[in-house]
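Here chain A shows up in two complexes: once beside chain B, once beside chain C.
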Partner chain A sequence: MTRTGSFYAQLAVTALIGAFLIVPVILSVVAGLTVNFFQGLKSGLTLRWIGEVWSLYSGTVYLSLLVAFACLGATLLLGVPAAYVLAKRQSRWTRLVEELLMLPVAVPGLATALALILLYGGFREFRTSWHFILVGHVLFTLPFMVRAVLAVLTSIDLATLEEGASSLGASFAQRFFGIVLPNCRSGILAGALMVVTLSIGEFNMTWMLHTPLTKTLPVGFADSYASMRIEIGSAYTIVFFFMIVPLLLLVQRFARLGALDRQ
Partner chain B sequence: MRRRENLLLLLLMAPAAAAFAAFWLLPMARLAAVAGSGPLGIAAYAAILTNPRYFASLVATILLSAGVTGATLLLAGVAGVFLARNYFPGRSLLLALLTFPLAFPGVVVGFMVIMLAGRQGFIGDIVFRLSGSRLVFAYSMTGLFMGYLYFSIPRVILTVIAGAEKLDAALEEAARSLGAGRWRIVRDVIIPGLRPALISSGAICFATSMGAFGTAFTLATNIDVLPMTIYTEFTLNANFAMAASLSLVLGFITWLVLALARSAAGSGVAAAA
Partner chain C sequence: MSAQPGAVSIRLERCAKTFAGGTRALEPLDLAIAAGETIVLLGPSGCGKTTSLRLIAGLESPDPGGSVLFGDKDVTRLPIERRNVGMVFQSYALFPNLDVRGNVGYGLKVRGVAAAEREQRIDEMLAMMQIAPLAARRIDQLSGGQKQRVALARALAVQPRALLLDEPLTALDAKLRDQLRLEINALLRRLGITTVYVTHDQAEAMALGDRIAVMNRGSVVQIGTPRDIYRAPADRFVAEFIGTMNRLAGDVRDGVFLCPGGRLPWKGDAPTREVLFRPEDVAIVAPAEAELTGTVAAAIFLGDRTRLSISGVGAEPIIVEASGRQIFKLGDTVHLRIADGALLCL
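Right after this comes the complex of A and B.
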């Protein structure tokens, strides 16, 4: 195929969009490693800012990981059984339940956060613990787990598999753990990656739900962007890139495996 | 047998249902009650239309979100169709660059705009070298527009690529053999074929922009977009009733847009962060 002018025009548009997205990422990596960003690279490279970020904000990294994995546990316990029920009984009622569970994603996080504060803000113990943030994250990520698992369960012939098992005498629990869970493994994995990634990056709710003692990573970002020099904000952002790149690589690898599965 | 199974299924649904009722439905009911409990009473729900400041904020947010949605669909549409049909060296790298920002929180997106257009930003630097004057627009509506574009493009590109891969090449072939020009094919074959993908990703883009708080929080100290207005009412003015009613109206708008898009485009429309 010969490349036409139209090919190069489209390539240029695509490359420009890529530059728009990636140039600031590169700049912030450079800024976070430069002695003085205003003077530029000639001022020299340093790890000093990363060190400062770590001493100021390492707590936010740990808290974000804690919340993300607790959130993953909760969405697995709540979401996988719920998805199974939704896949098995497709009626007006289960459709309604599915709709309702999606609402915390359709409605801005700010609204959900205000609602939680107005109802539960008075319970001081709860309000000031990280569980308060966890609740918001679970509401927001649960639909993604449910959808990922549901997508797999509705694409396989669940009824036949279960019928076969139960005609051989398998109980409900044996079917659930022996047939259903192994079959929706890929959905659970996809959902889990999504839940962890979303939880680590959640800000809209978390900013309202956090307290000075419960700051997550994005809350720390807002804090450092507003009050610290640009090198520190940048170094902090590098820490974030380090955390999400492995997650994104896993997602991509997994998507490729999923594509191979389907072929 | 069947009744026993129904009971077991109900038990499996119970934890999610209980958590959802306790931590979303009840709090939302409380939010609705608080919204009507201020000095305005039920009229607080209409304040977004009757109060000039809130109304201006609503109009600005809608215009911004609509503009971002249009620009994103155009840019991501071109790039998405291009990447779906052309294989060339560096394609997968380009695709990785275009989707890397998917996982960025809104605050980080705001910081990316500061990197591009802030006081020490890249664009300002280039303009300074060319003209001798500094250009800083990160903290204006333009900066906000850029930030929303930044987080919208990756999502829409992925949906467009998925949609474009399903297009039937034979239709284009037929149009071409019947003498249709390139623009005609784009208008009458490609865009109608991508319609569901464009509607669903456009709706998500619009709804996300309407409710985006992180980016606005980083950049828009002086710009009244709706989420910032709500935040100010709640934290600075302690006007809980007004913050509650405004956020319910905002939530209703984003929910409605997504629901309409889903009925227009078929299933698969779900909002994202």
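Right after this comes the complex of A and C.
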């Protein structure tokens, strides 16, 4: 194959866009590893800043993980049955519910958080516990779970599969756990990874909902950028990458698997 | 045909079905199916045949006043999972999360049949449907015909009291459809299981049914053996839905039916303005023996025979079948004679 001028032009554009996206990431990572960012790499490399981030902010990492997995549990319990009902009963009303579910994604997180504070702020115990953040995260991530599961459920002939199972004597529970759930596994997995990823990275809403004792990772991150030296903030970025990149890779992988399943 | 010990008779009594929104899918229907009998519900789409099947299955319930009986037992309120029927769907409805073995054994598993007995029964079913080599396959690795065999094995594995098939062959290509039709026919004869078979394909209905119930617009129009339905259709809908029927308009005068193409002896007492007859009852004869004369408007060579469309006999062309060895050209004059007793008047 001979490569024409247009190939090289496209390569250049792709490389430029890639650089635009990747260079800041590399800079951040390097900044987090250099002894003194303003003196540059010649000041030497160190893991000291990462150590310092860990000693100052490890609590935010644990809280973020706790919130993310609690959020996953809640969206599984609420979202999968909701998607099932929405898939089974296609009507004007269920479509309305589907749209309403999407609202927390469309409305700015700050507005949702404010509404939560206005409504529940008076309940001191609740307001100051991490459950308050969890509620916000569930509101925000639920539509992603519902959509992912619903997409799979509407692509299989759910009604006939269930009729087939019940003709063979299966009760509702046997059908739901033996036929429905296994056949929307790819949607549940895709939704689950999406929920965990979004919850770990959520900042807008969490920034409003948090208290000094309930800081999640992104809130701690903002905190360190605002009040610490740049190297610590950058080291924080590295910690964040370590958590989020494997999740994103898994999301990609399962999205591909799901697409294969549906063929 | 002998009914198997577990086979059950099925009766629908005054079963009507009106869907939400007021669509009447089924007018009040009475239907009695003998134990071990194969009945085919035949009709165009929207005639109520699938609704009737779903009433028998328990996937729909009849409007108030209707009842479904299995033997002497009223099962109207029993949901499908407790009616013990085997069902085969047009789309097969096989479970993609289970392999062939898992699909065939599903009904036994949910009924809590012990593993050893279950495995043995699955093996029997796989052998009966000649799909043993496919046992470990995933559903998406099967062809349409293989899927249909798995669906049948799955439905029969639970030893249902009745087998209900909803257009099971419609999704298959013509050759496979013919082959599976023969196999299903042999299987149903051997098992002697009460079977309700829904189709819009009259050839399938003829081949499989002990009796055929022809349905139209939510009602059974005629019920009878395939021979009855074909030879003595109850009305023009049945006559024209099953096979090909020629119509010839004319007048009866002095014991003779007169039409543009000639004259036919008329033995019936009532005067009529139209007679019907099947293509295979028309013979091409020498001019001296002819009752009707027309010209070839179209000739379709089908190999074993040639299907001719003859104009000039009546207002519409009539369809006639000739041996495939004879050669016809457009515009040829043909002389026709209709077999004795073949004329129908509806």
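Following the convention adopted for this analysis, the second predicted complex is superposed on the first by the 253 of 263 C-alpha atoms of A that agree within 3 Å, B and C clash if a C-alpha of one lies under 4 Å from a C-alpha of the other, contacts with A are read in each partner's own complex, and residues count from 1 in each chain.
We take it that a residue touches a chain if its C-beta (ideal position, glycine included) is under 8 Å from a C-beta of that chain, and two chains touch if they have at least 3 such contacts.
The structure displayed is predicted, hence computed values, not measured ones.
Chemist: Mind working out whether A:Thr160 is in touch with chain B, chain C, both or neither, as first, second, both or neither?
Modeler: The second partner, chain C, only.
Chemist: Which partner does A:Ala15 reach: the first (chain B), the second (chain C), both, or neither?
Modeler: It touches chain B, and chain C stays clear.
Chemist: Examine A:Leu247 and indicate which partner it touches, taking first as chain B and second as chain C; both and neither are also allowed.
Modeler: In the superposition, A:Leu247 touches chain B alone.
Chemist: Scan A:Pro24 for contacts with chain B and chain C and give back first, second, both or neither.
Modeler: A:Pro24: touches chain B, not chain C.
Chemist: Applying the document's definition of touching, compare chain B and chain C: which contacts more of chain A?
Modeler: Partner touching more chain A residues in the overlay: B.
Chemist: Given the touch rule stated above, what does A:Leu168 touch, chain B (first), chain C (second), both, or neither?
Modeler: second
Chemist: A:Ile179 contacts which: chain B (first), chain C (second), both, neither?
Modeler: The answer is second: A:Ile179 touches chain C but not chain B.
Chemist: Please output the residues of chain B touching chain A within their complex, sorted ascending.
Modeler: For this pair, the touching residues of chain B are 4-5, 8-10, 12-13, 15-17, 19-20, 23-28, 30-31, 34, 75-76, 78-79, 81-83, 86, 88, 94, 96-98, 100-108, 110-116, 118, 120, 122, 149-150, 153-154, 182, 207, 210-214, 217-218, 227, 230-231, 234, 240, 243-244, 247-248, 250-251, 254-255, 258-259, 270-273.
Chemist: Okay, in this complex, where on chain A does chain C touch?
Modeler: Residue positions touching the partner: 156-157, 160-161, 163-171, 174, 178-179, 182-183, 185.
Chemist: Which stretch or stretches of chain A touch chain B in the complex?
Modeler: 6-7, 10-11, 13-15, 17-18, 20-25, 27-28, 31, 37-38, 77-79, 81-82, 84-85, 88-89, 97, 100-112, 114-116, 118-120, 135, 138-140, 142-143, 146-147, 172, 197-198, 200-204, 207-208, 218, 221-222, 225-226, 230, 233-234, 237, 240, 244, 247-248, 252
Chemist: Given the complex with chain A, which residues does chain C contribute to the contact?
Modeler: 57, 59, 79-82, 84-87, 89, 91, 93-97, 106-107, 110-111, 154-155, 158, 164
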